[in-house]
Structures are given as structure tokens and as C-alpha cells.
Amino acid sequence: ETSGMRIALSNNYAGNSWRQAMLESWQKVTSQAVADGVVAAVDTFTTADQEVPTQAAQIQNLILQGYDAIVINAASPDALNGAVKAACDAGIIVVSFDGVVSEPCAWRVAVDYRQLGQQQLEYLAGRLPECGNLLEIRGLAVTSIDNLIHEGLADGVKTHSNFTIVGEATGNWDQATAQRAVSTVLPSLPEIDAIVTQGGDGYGAAQAFRAAGRDIPIIIMGNRQDELAWWQEQRDANGYETWSGTIAPGISTLAFWVAQQILDGKEVPKDLTVPYLTVTQETLDEAVANTPVGGVANKEYSQDEAIQAIADNL
Amino acid sequence: MTDQTLSASRLNIRNLPVWLWSFLGALLVWVLSFTIAGQGAEGMLVAALSFSVFTVMVGLGQMFVITLGPGNVDLSIPATIGLASAVAMKVMDGQNGLILWGLLAALVCGILIGGFNYLLIRLLRIPPIVATLSSSFIIQSVGISYGRGLQIKPPAALSDFTFSRFLGVPVLAIATIALSIVASVVLHRTIYGRTVLATGQNMRAARFAGLSVERTRLLTYVLSGALAALCGALLAGFSGGSSLSMGREYLLSSIAVVVLGGTSVAGGRANVPGLWGGALFLFMISTLLNTAGFGSGLRDVFTGVIIVAAIAITGTRQPLR
Amino acid sequence: MTTQAVHSGRAQNLASSSRQRLLRGALPAVSLVIVLAAIWYFNPRAISYFGLNLMLNLAIPVALATIAQMCVMATNELDLSIGAFVGFVACVTATYMPQEPLLAVLMLGGGVLVYMLAAVVIHLRNVPSIVVTLGLSFFWAGLAVLIRPIPGGAAPGFLRDLMSFQPPLIPMPVLLAVLIAGTVHLILMRSSYGAVLRGVGGNARAVHRAGWSILKAKVAMFALASVFGILAGMTLVGVSSSADANMATGYTLLSIAGAVIGGAEFVGGRISPIGAVIGALVLQLASSALNFFQVPFLPGGRIPQEWQVGAQGMFLILILAARVLISKAEK
Amino acid sequence: MTAPTGTAIELSGVSRSFGAVRALSDVNLLIAEGQCLGLVGHNGAGKSTLMHVLAGTLRPDQGRIAVGGEQHDRISVHLAQKLGLRCVFQELSLCPNLTVAENTRILHPSIKGLGWRQKAGKLISAMLDRIFPGHDIASDTVVSDLSIGRRQMVEIARAFTVSEGVLRLVILDEPTSSLDATTARQLLEFVREEVRTGVSCILISHMLGEILDYSDQISVMKNGQLVAFGPVAQFTRERLVDLMSGGEHPDRAARERSIRSLADAPVAVRAQEGGQGLPFVARKGEVIGLAGLSGHGQTEFLVRVFEAARARRADVTVAGDVSFVAGDRQADGIFPLWSIANNVAVGSLPALRNGLLLSGSKERELSSRWGRIMGIKAPSLDDEILSLSGGNQQKALFARALSTSSAVVLMDDPMRGVDIGTKLEVYDIIAEQAAGGRTFLWYTTEFEELEYCDRVYVFQNGRIVGELQGQDITEAGVIGSSFKDKDAA
């Protein structure tokens, strides 16, 4: 019974399409939940910058506001631990998703990023049986997500030793940054057969190749609409084939239901892993059709799906 | 006597125009980069030109602002780029026929932002650094609620234009060089430019000399906003769509190219060619470090060391009298 | 008798300009009171021992960083690297301090040396501090990434204890803020060498002509700044219990804004340590407490999510706009 | 006066060049103990440069300096302090952000420890009381709150304070340029008193009367060289002018006052005074003096007129454009990064346009014409303005204002530091231009300059308390008006 309880979302950034989709899904699902009387109130708080201390301060304020649970998309896995611990000490349930926190008292909802990295190599091994030069686009430096995907990719290269990573660029999961970074390394690189990415950066890489006037290799895509639309366009024009795998922004709604279930007294494991969202050549048309222009391919969770996901992880 | 000859030779180095240093730096780093890579000299140069276009564009606006004197700086450039790119893309709606309207809408948006900044600075007497920081927060919010963070694609013609080349040189680069020449003429040969330079040296004296200081300050902030907006619209064309975070890179780099290019942070002295030197230099540094295969940590360390070393070499010892 | 009349007129005028100065000096304090009152109005629970502790413990590192920035501003320079430096210090502290304290201390000492070296370069080569510190910001950020490629580490026990210490009656952050403001006020505003240091910002040539070394003064100020930067990084780790290389990049702008709210100016060596600390507190409260205000006429009674960022901008503007009332009288 | 006793300082063969400019060439100078040396010379003669060498702020290219019998190749700032050489520079050298006491402390490394503030405050207050009895400067005032005249007073008093060691020499580089007549006299009287205790003093001034009345010895400099040296009795005003100018500037007696009747001319400036002040009217072609003790609102009045010409104000009406000659050239006048030519031309930009763009040739033409008229002494007008001597900088500001087409010229004590030869020429230019229909509003702290005015308004406490005309413009008349009993009003 959680109808009297209040839940808050602590978010540290709202400036890109993924975060906007995440917030929109959250808004949609939680306002329905409030209307249905499942919980008393759900409030959303976003900080002005992507700063750890600001978010920590925000969490400390949420403690003062007396929320029953706080759902966090964290700016840092470790540096918020002080604030998260304070929340737990105050008897508040803390659920983190996407950017998860390492404080043991909190719950974590995430995808298996390492697996996501390995999977990219699996796909490429199927496409390029002989061998290949890879360009790796990294995400935001010093984040655990970037690190996990990177390790996954490294594992993949170890398994499929005919691949070599010949270059690396830091794209910060952002198309403009990725375009710029790829442009700086491109002139010095040999023929590239494929680009392994972390999502949000594939389209920028394609733009960089276009600007340099080079043939576009297989670029593993994220789930942004521009990436998918470009892929569809290329497929229609020249039969371009690739694969996409990332975390769906709707994972925020799963975190919400997890928090609600915990408040309800259900047993929930501290670590919840859900499958990442994939788009393949077959599902591309469907994915593009379901994604708003400029938005992100998404999946939102209902309460039942969430209960199922919890059960799967037990 | 030796003292004399020494000071004479120092005089010669001083006679080198300031902006030449940044070009020399860029050249050096470029040579290093393609030597390490063993290839790609031309590709690096073209890439550097293509991206410097945007840095120089916002750098021009920032340069005029910084020249207004100590404390003057426009921190709202990144947010303006983000918002203007969204406005432009939304108005263009992917249709070639609407490109001009989209550019116009972006410009209006930039002009309004510049005017707003000036109002904060003038009417509310807020120091520019904090005024533009505050307004950048507001612009971000406007951007979020206006564009919902969506990434809208540019019309094909705009995108093609930003990629087009003339004799191997990006057309956008040629256009921006022309813009720089105009800016240089405006700076040195118009009353507006003179007023900017005078205000930067001594605002009270500029007023007593009969110059219209306040109108000039307004124009300068508006100019900075407009150039940032133009940059936003073109950048959206170049990188295939608008995004709110697109301008983030330009917060530091717009200031960096201005000061690396020899413009005085204390105001009153500006240098247009130096902007290009500074922009090319910055881009070449990241080319070099990326080519050399450094991880992000080492890359940053070296970037820092190179910038400090470069500026220390070009500096001059000036005795206090 | 006649000269008496003349002089009393002048004295009045002088008194009014020093009254304005006083009023301007009190402005940061007034804005702090206003912010606290607003918070109390919307959430009385927050203005309590527990509440102040939670709301202000993260303001301490900001206040220390602001003081560091102010030290640099006092010499007419600007430090664009303070945020990255605080991040570097945090990484060193969380990574090495608990196990290898000596190494950590050495690295932090190296940080002070680099700051002093920067002052030497800036002065002797006559180059703008903005560029030098811009370069240094990359340097510190890079080192931080090298030290902590992924976030983590642990706060040394003494820092955790310090930051979570609960003295009777007055919350620790309040106590620390007063302590910091008081100490720096003594060093810079009341000591005799402090006057020389500030004089460098006011008129370096005059100080030079009186026989002082401007180089030494600048180096001293930068060294002081680095010491406060180190304290900021250490207290930050004390509060957040582990480190992240990017954790303090925002401190650069925050510290400048805090110093300006506190009454510092970019040229002329006009600074106010007490004001700077209050400015930092105001900023901290503004960035975190603001969004919890209940605004009756808005849907949901709160600032909508997409406007929360903008609301902080408006808030900053409102605080600084209060200056107009005083400046208007002044000009 | 008395014959030289011991030698305090001896300069021999001192030379110094700035690029092509030979500011000092082979100067030999002897400063006797307990005497006041008057140093005169045209603008740019090298007086300040020589003082900088003595104060250690400038290194001579050649030459030796003996202080108290000890030889030095050069004097560092530090050594100068140790030897007891103090200098009040032509450009003010106080830190505006510090209080008067803190500024005093900067000169005295020995004042430290607990209670240093009180010590420094007492020291400076006592000295201010001695030199300028009746001053109103509190030691805890922040210097930026003081008017330029009062800053000058603080700096002078500071130079005479002693906390440890000896005070050997005090250099006063145009100390009276920002002081009104009363304070200037207080200072000079004090200098006489002080030299009697054995301190030496160098007094640089363009007011030859001061030099002749208050020095023991006089040195005349011209183009970087010492052209005459001797006891004061050997010199007269005429001889000094002759020596300085090489006979180029024949000295004239004060101008024969021509009483012009301009009562019918159109009004150029009209200001209504709130309160009990008199109204202000200036007619086309008039030269109006603003008199009174310094710091009584004359500058503020000029600024009000200046602003009224650019934006409508209810209380002041101005017919036509105005231009402004700043007195505080560092704060209100020069653009330090620009050349002399740019600094001159900046006042007339609209007239220098060729279509939309400024014409370089027109700019050069204008600035070289006015550079010549004003006699700015520089190798080239493309040199930096800061390479000019103080007086020459002031001439550039004059050139800026006069080269415009403005109907009204506002002058804020504009002759600070201008040498006598140039002054006379500028007076002529002003008279000529006034005859041509220009109106001049002229605030001056020099009484002699009021004689060039058609009418004079006397200011007190920000209000106009008197109006003098024609033969009534006498020192006594002005002082009488400015001390008109205020309590009675």
C-alpha cells in the first residue's frame, strides 16, 4: 500500500534528446500512477549543470522535503555516495538508474553495458568474417558506463582477434562532439571497416566521414532518431546494414515502479539488469515509425512489466 | 652597449605581429601531427579549416565583447548556439525553401539574447560575467521548453552547403574569412570599432571624448548574440541537426581563441587574424594528441602544457616603471 | 569659522560615499537573509540544526573555492582552473590520502608549486592569466583523469569525521563558514602584509615604487589561492566520501559568481572575504533550495522541470539586481 | 638664502634614452643638504625622468649617483627607500582600493604587528595636520573616495612621514598642480620649514613664482640637459622663461584685459540652480571661469553640462555640441594603448569619415595639424601616448577638444602640468577661438588663469555663490565670494 507516499526524481541534466525522452516517459507514467492513486505525489527535479556537488545538494534537499523514495539518474557513481548514504540514514528508499550509484544501501536499475560492448563485436564478426580495422568512439570520460562498454569492446576484440582497434575518439555520447573528435583522428587513420560506439554518436561519426569525403564504414548505431533515420535512408539508397543497441530512456519508469514496489514492502534485489534496446535491419522500419522525429527509440514499463522484471532478477 | 643591442634585437621580435605567433604554433603542431601519422596532411588541414569556421565565428563576437574592457565576456554563447540551432531547424522544417527564413529567425533570436544581456548589464548593473551566465540558464530553459531537446534535421541544401568545397577549400571557410575581413575593417576603420577600442581602454575617457559608449556596448552584445546564433544555425547544418548541447564546446574555445590570438583581456586591443591562428592552433593540438593516440587524461595534460608553453613563449617582459 | 563650514560640507559628502560602501558591503548578507527567509517560509523544517547541516555542508567547499578565486582576483587576475584544480585535489585525496598520506601530501604540495610557477610566468612574461589558467585547467583535469580513470576512492577518516562532526547548538557548516571568513579576513584585510597584497591589485606600480616585489606578492596570492583550493577539494571529498575527476568543474564559474556577489571586482583589488563566503552560501542555497519553493499559481505548485534551470538564472539576476538601488544613488 | 652646506646627493653624467628620444644627456646635479632645489623646464625636458632615476624606478643608461658620499651605478627602488629618498610622482601613486592609513603602511615596512593600523593612521594624520592644517581627511577613508586634490595631499604628506631611518630627500614632481592656492601655499610653507631640519627637497613646478619664492637653488633643464644652475638670487622670472625656451617664448605681462560686451550674444549654456545658488549663463563667444576652492563641485558642474548636451536635462540647456578637456588625464582623458594621433583624433571621428569608413589620411592630417598648433613634443605622432611627458599628454587632450567643431568647450583644470610657454600659446588659442564664437567653460585652480576669462562664477559647496566680471575679477574678489558667510545665507 503506497497511496500515501511521495516519490522524487533527482536528475542532473536535461539538455539532450535522450534525457528529454527519459523525462517525458517518467512524466507520462508517474502522472498516470498519481491519477490512479498508486502514489500520492511524484516530483521531478533537474539541476542546472551536470555537476556532482549540485546534485548532491539537491538530494540533501530532497531529504529535507521528506520524500519517501528518491529515484536518481546520477552524475557520478561514487561521488554522490555521501548524499545517498544520508538519504538512506533518513529512512528514504533510493533507486538509481542509467547513471547508477555504488552506495550499497541504494538499488540499481541498469543494463549490462559490458555485454553491450561485446555484442557489437559479435555482430561485426558476422558481417566482416575476415578481419577489420575498428575505430572506437568513447563516451564521457571517467564515467562507469563509458568504462564498462569500453571493457566489453576490449573483451570482444580479444575473442575476435582478427579485429584491431586502430583509433579512438571521445564523443561524449553527443553527435556534434563525436563529429569533431572523429574529424581530428580521421586523416591519420588507414581504411576503417567499422566503428564501434556507445550510442548518440553514430550519426556524428557518419557526418565526419562525409566531411572528409571518405567511404562510410559500418557504424554501430545508438537509438536516437537521427541515427535510425540516417540508417534507413542509407539502407534505402545503397542497402546499408548495421545494428543498434543502447539503453532505453524509459528505464526511468522501471526505476519508478521498482521504488514503488520497495515502498510496498516487496522484496527487490539491489541490482536489476534489464535487456538493452536493440534495433536490427529487420526491426528498423518499425523502430523509425515508432520514434518521434528528433526523439529516441524508447520502451516504457508498466507496473506488471516491472514486477516481471523484478521476478526475473530474483 | 650590449644592453643596447639586446634591446634592439628584442625590439625586432616585438615587431612581429602578435597574430603570427598563433599561426606559427598551428603550423608547428600540424607538421608534427602528419609526421607522426605519416599521412593525412591535407585532410588535417581541411578538417581544421572546417571546424575553425565555427570557432572563429563565435570568436569574432566574443572578441568584440572582451575588447570592451575588463570583466566583459559573453558566457551565454553556448546556450545561444543551442537555442538558435533549434529555432533555425524548426523554422526550416527540413525544407530548402525555408532556409533563409530559418537563418533570419536564428539571427533575431541571437539579437534578442544580446539585447537581453545588455539590459541586465546596463539597467541592473550586473557584472557581465554573471549576467551572461544567468541569462544562459534562462536560454537553456527556453531551449528545453521550445525544442523539447529534439534533434531536428537540416534541409538538404543547407547541409550540402556546409559541406561544399571550392578548389578543395570549404566554402564556409572562405565565407568566414570574408566575414573576418569585414570585422577587421569594422574594428579599425569605423566609429563603432574605434568606440569599442576606446571603451575597452578607459570607459570614462571614451564618454568624455564624446563617443556613444552605451550604444556601442549594446551593439557589441547584440553582435555577439547574432554571431553565436548564425554559428548555431550553420553548425546544425554541418553536424546534421540541432541539439541543445551543441554549443557547450564553445564556452571555453571562444574565449581561448580570442586570447591566444593576441586580443588583450584587459580590453582595448583586438586582433582578428589571431582568431584564425588561435582556432587552427587549438584544433591542431587535439588532432596531434588524438593522432598520437593519447587517452583522454594525457591528452588534457598535454593540451594544458602546450597552451601554457605557447603563451609563455609569446609573452614579453615589460618592466614596471 | 568659514573654513569650518566648507569642511563640514565635504565631510558630509565623504560620509555618504562611505555609507554607500557600507551598504554595498552589507548587500551579500542581506541576500543571504532573504534566501534563508524564503526557505523558511516554504519549508520551516529546513531552518533547523539538521536542515542547515544538510543544506550547507556542500557550501563549504564552494566557499573555499570562492576564497581561492578571490585571492587571485585581488591581484587583477582570474583563475579559470580552480574547478579543475579542486577536482584534482579531490582525486588525490580520495585515492592516496587514506593509504599513502605522504604521497598525497607531496602531490598537493606540487599543486601549490605549480600555482606559484603560474604566477611567475604570468608576471615575468606579462601574459594574461586567463590563458595560463585556461591551460592549467586542462592540465589539472588531465591529471585527475590519470589518477582516477573511474570514479571511486574513499575519504580519509579525519575528513569524514570533520565534515560530519556535530558540535552543540551551531551546525558544523555554519561554524566552518564563520571560521573561514574570519581567518581570511584577518589575513587579507587586517594584517599589514595583507594591505600590501591588496595594494598590488589597486595600483601595482605604486606598491612597486614603495619598494615591494610585485612578483613576490603575486606568488604569495597564488600560493594562498592554491591552499584554499586544496582545502576545497579535501572538504568536498569529506562530504561526498569519494571522488570523481569531473566533480568540481563547475566550481570555476561558481567561484567567480560567488566572489562577485560578495562584492569583489575584476580590477582594482577590491575584495571582501566575508562577502565571498556569504556569496558562496547564497549561490549554493540558490542552486539547490530554489526548486523546492511552492509557487501557488504554477500547475503542480512547483517550478516545472524544464524551467528549473532558468529559475536559477532569474534568481541570480534578482540577487544582483538589488545592487541597482545602491549604485543608482552612487553614480 | 643660505649658502650650500654639505652635499646630500650628487648626480654625475646621467644619461637615459627611450628609443630615439634622449630624455637625459649627461646631467650633473648637486643637491645640498637642508636646501630646496627648484627644477624647471619645458614639457618633456626630462625632469620627471631624472627624478625616476633618483627614486630607483628607472635605470640610467650611464652615470653615477652619490648619496651621502657613497657611489652607486644605479639606485634600485629598495635602495632608494633605504637611503631615505622619497618621491611624490607626477602621476599619483596611491592604491585607490586601500585606506589612507594602509597606503601609509605600504611606504613603511617597519609598521607591522598588532596595532599597525593605528600607528600608520597616527603617523599620516599627524603629518597631514602639520602640512595642511584644517584638512578633512580621515586616515580610515578609502582613497578612491577622495578627490584628486585630496589624494595629492595624502601622497605629499605620506612622503614626509618617517618611521625608521632618516629622511634625506623628498622629491615633489609638480605637487601643486592639483591643489588650490591655499593648500599649495600651506605645502610650500611647510617645505621651507622642513628643509630647515636638514632634509633636502626637489621642487618641480611650472609655476615659476613658486620656484622663485620657495627654493634655495634653481636648476633649469632643456631637452634633457641642464642649462643653468645657481642660487635663486641669480634668476628672475624672465630669465627662467628665456632659459627654458631658448628665447622662443617671449614672456608677456598678464594680458591687457579687454572688456568685451557679449550681453547680446545668444545663450550657449544656461543652468538653473536648485536651492539658493545663482543661475548660470554662458553666451556664445564667452570665456567663463569657474572658480572657488578645489573640490567644490566645479568638475561636477562641467560633467552636468556635458551630459546635458548629449541627453536632455531639465535643469541645463546647451546650444550645440560640447567637448571636454579632462584635468585628471589618467582617469578621464588618455587612451593608453593608442598613439598620440589616435588620441587626438578620437574627438572628431564623425568628421574624419570618407563614406562609411574612417579615412587614415584625414586622421593623420588632423592630428598633425593640431599636434603642431599645440606644440606636442614627440618624434612622431604615431608613438604611444604614454611615451609623452605629462604636460605633453595634456596638450594632446587639448588638441582633441579644440580640433572638434563643438560650440562649447568644457575645461576641467586643463593646464595641470603644462609648461609656461605652451600655456601662453594655449591662452592665445582660446582667446582667438572665443573671438570666433566658441564658448569656453574653464574650471581652474590657478588664479592667474581667471584673468583670461570674461566672467567668473565662484563655486562653494556645489553651488554658485558669486559672479564676477571685468575688473572685479581679482584674487581678493574670488576669495571674498567663496568665503561669503554661508551661515548668513
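As written, the chain order gives the labels A, B, C and D, with residue 1 at the start of each chain.
Heads up, the rule we're going with is that a residue touches a chain if its C-beta (ideal position, glycine included) is under 8 Å from a C-beta of that chain, and two chains touch if they have at least 3 such contacts.
In this text the structure is predicted, and so the values were computed from the model without any measurement.
Chemist: I need the common contact partners of chain B and chain D, sorted by label.
Modeler: C
Chemist: Relative to chain B, which chain's C-alpha centre is the most remote?
Modeler: Greatest centre separation from chain B goes to chain D.
Chemist: Distance-wise, how many Å sit between the C-alpha centres of chain C and chain D, to the nearest whole number?
Modeler: Chain centres of chain C and chain D, defined by C-alpha means, are spaced 42 Å apart.
Chemist: From the mean C-alpha coordinate of chain A to that of chain C, what's the distance rounded to whole Å?
Modeler: About 35 Å separates the centre of chain A from that of chain C.
Chemist: Could you tell me the distance, in whole angstrom, between the mean C-alpha positions of chain A and chain B?
Modeler: 33
Chemist: Please report how many Å separate the Cα centroid of chain A from that of chain D, as a whole number.
Modeler: Taking the mean C-alpha position of each chain, the two centres sit 71 Å apart.
Chemist: What residues in chain D touch two or more of the other chains?
Modeler: Where chain D meets two or more other chains at a single residue, that happens at 57.
Chemist: By the touch rule stated above, which residues of chain B touch at least two different other chains?
Modeler: 137, 140, 144, 264, 295-297, 320-321
Chemist: Give the residues of chain C touching no fewer than two other chains, as numbers and ranges.
Modeler: 145, 149, 205, 208, 306, 308-309, 312-313
Chemist: Using the touch rule from the top of the page, what pairs of chains touch, sorted by label?
Modeler: A-B, A-C, B-C, B-D, C-D
Chemist: Provide the residue numbers of chain B that touch chain C in the complex, in ascending order.
Modeler: It is residues 70-71, 75, 120, 123-127, 129-131, 133-142, 144-145, 252, 255-256, 259-260, 264-266, 295-308, 311-312, 314-318, 320-321 of chain B that touch chain C.
Chemist: Which bits of chain C are touching chain D when the two form their complex?
Modeler: 2-3, 5-7, 9-11, 14, 17-18, 21, 190, 192-193, 195-196, 198-199, 201-203, 205-212, 268-270
Chemist: Which residues of chain B touch chain A in their complex?
Modeler: 33-34, 36-44, 46-47, 50-51, 82, 137, 140, 143-144, 148-153, 163, 235, 238-241, 243-246, 249, 283, 286-287, 290-291, 293, 295-297
Chemist: Tell me, which parts of chain A touch chain B in their complex?
Modeler: Residues 14-17, 19-21, 24, 48, 138, 141-142, 167-170, 174-177, 179-181, 183-189, 203-204, 206-207, 210-212, 224-226, 229-230, 292-295 of chain A touch chain B in their complex.
Chemist: Which of the residues in chain C come into contact with chain A in the complex?
Modeler: Within the complex, chain C contacts chain A at residues 43, 45-46, 51, 54-55, 57-58, 61-62, 145, 148-153, 236, 239-251, 284, 287-289, 291-292, 300, 302, 305-306, 308-309, 312-313.
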